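Worksheet: the structure to be examined is printed underneath.
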Amino acid sequence: MPLVRIDVSEELPEARVAAFADAVHAALVETVDVPANDRFQVVTAHPPRRLILDRTYFGVDRSAGALVVQITFRRGRSEEKKRALYASLAARAKALGIRPEDVMVVLQENTPVDWSFGAGIAQMAPAELVA
Amino acid sequence: MPLVRIDVSEELPEARVAAFADAVHAALVETVDVPANDRFQVVTAHPPRRLILDRTYFGVDRSAGALVVQITFRRGRSEEKKRALYASLAARAKALGIRPEDVMVVLQENTPVDWSFGAGIAQMAPAELVA
Amino acid sequence: MPLVRIDVSEELPEARVAAFADAVHAALVETVDVPANDRFQVVTAHPPRRLILDRTYFGVDRSAGALVVQITFRRGRSEEKKRALYASLAARAKALGIRPEDVMVVLQENTPVDWSFGAGIAQMAPAELVA
């Protein structure tokens, strides 16, 4: 269910982009109860001048390799789980050679009926359940 | 008012992309009270490796042609209307030769003052109304 | 903290794109209490056929140069501040030669724990504060 938008610099090597997308999904599965095959990601590579990410805000030392992960999922995850998600993703990024300081994450929440996984149905809030 | 982001594979032929964008708008007009000229769409075509959409989640049989439609509109549409939107869009996609299973939809809601349609004004929540 | 997505036509000259991104940030700093170095923007240039923005909706006279600014920030800004943001951005666009009518803005809100500015931490809602 998460819809994940990953925005990276086009200077990030292709193999690293793919490994990072895997890492984002693995962190979601590990920390916030996302099923293993519930993976929906849109990855966009931008010219560096188009990905304008401050280098110091909030005391974090970002590099030219900074990137953004924006995740939409259903309301209901606890604050603890969200913090666990950030920590897991940072550790996984580091293991890939991506600086944890360069990984910005922004979450957005909605409700079960706000999702159709295809076939014209609101799978998480079908009409039968509310009739 | 809806702001619609449509993310497709760059292998989807141009004419089909255009027809699908029309279909998304027509479904919004038909089912969730969107005026005919209230059309604001950002369509992005991605290399297939960058649009990572699981092929089986929630029992839906997706193909390499799967795509995502993310719609932001004002809070207030009923669950029934949202389900009608999904069904209408699936039917319209099918009529274009796009598999309904390949059409994922994600909704996001905000409030009237969260919209400026240009000219520096919050058209749905102007200052005069609250003064 | 705002995450800003700016979607423009690829026909907008590069210098103007950069100046407009600066203007969006300056308007946020001026009107809605965003720190000067709290700048996170993703700018995407689209072929004109992919940025489908109605020319007349809500009585606004848009041109082929119309663009969209989608801003995510924490819940809590007043309606007045949001209106001030729209007005400031319109004035700043005009000063750059961008028609205010062409500047659409859409806001989206979330909560402090929904932000990680890097390093695996929820900087605005760290665990120590809630323990």
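Letters are used for the chains, namely A, B and C, taken in the order the chains are written, and counting of residues starts over at 1 for each.
Note that in this section contacts are C-beta pairs under 8 Å (C-beta built on N, C-alpha and C of every residue); 3 or more make two chains touch, one makes a residue touch a chain.
These numbers were taken from a predicted model, which means no experiment stands behind them.
J.: Counting hops between chains that touch, how far apart are chain A and chain C?
T.: So the least number of steps between the two chains is 1.
J.: At the interface of chain A with chain B, does the proportion of residue numbers present on both copies reach over half, so same, or stay under half, so different?
T.: Different, since most residue numbers here occur in only one copy.
J.: Mind checking the rotation angle between the two copies, chain B and chain C? C-alpha superposition, nearest 5 degrees is fine.
T.: 120
J.: Provide the C-alpha centroid distance between chain A and chain B, rounded to the nearest whole angstrom.
T.: It comes to 20 Å between the two C-alpha centres.
J.: Which residues does chain B have that touch at least 2 chains other than itself?
T.: 44, 108
J.: Within their complex, state which residues of chain C touch chain B.
T.: It is residues 7, 44, 46, 49-54, 56-58, 60, 62, 66, 68, 70, 79-80, 82-83, 86-91, 100-109 of chain C that touch chain B.
J.: Residue numbers of chain A touching chain B in their complex, please.
T.: 3, 14, 18, 21, 35, 37-45, 72, 108, 110, 113-123, 125-127, 130
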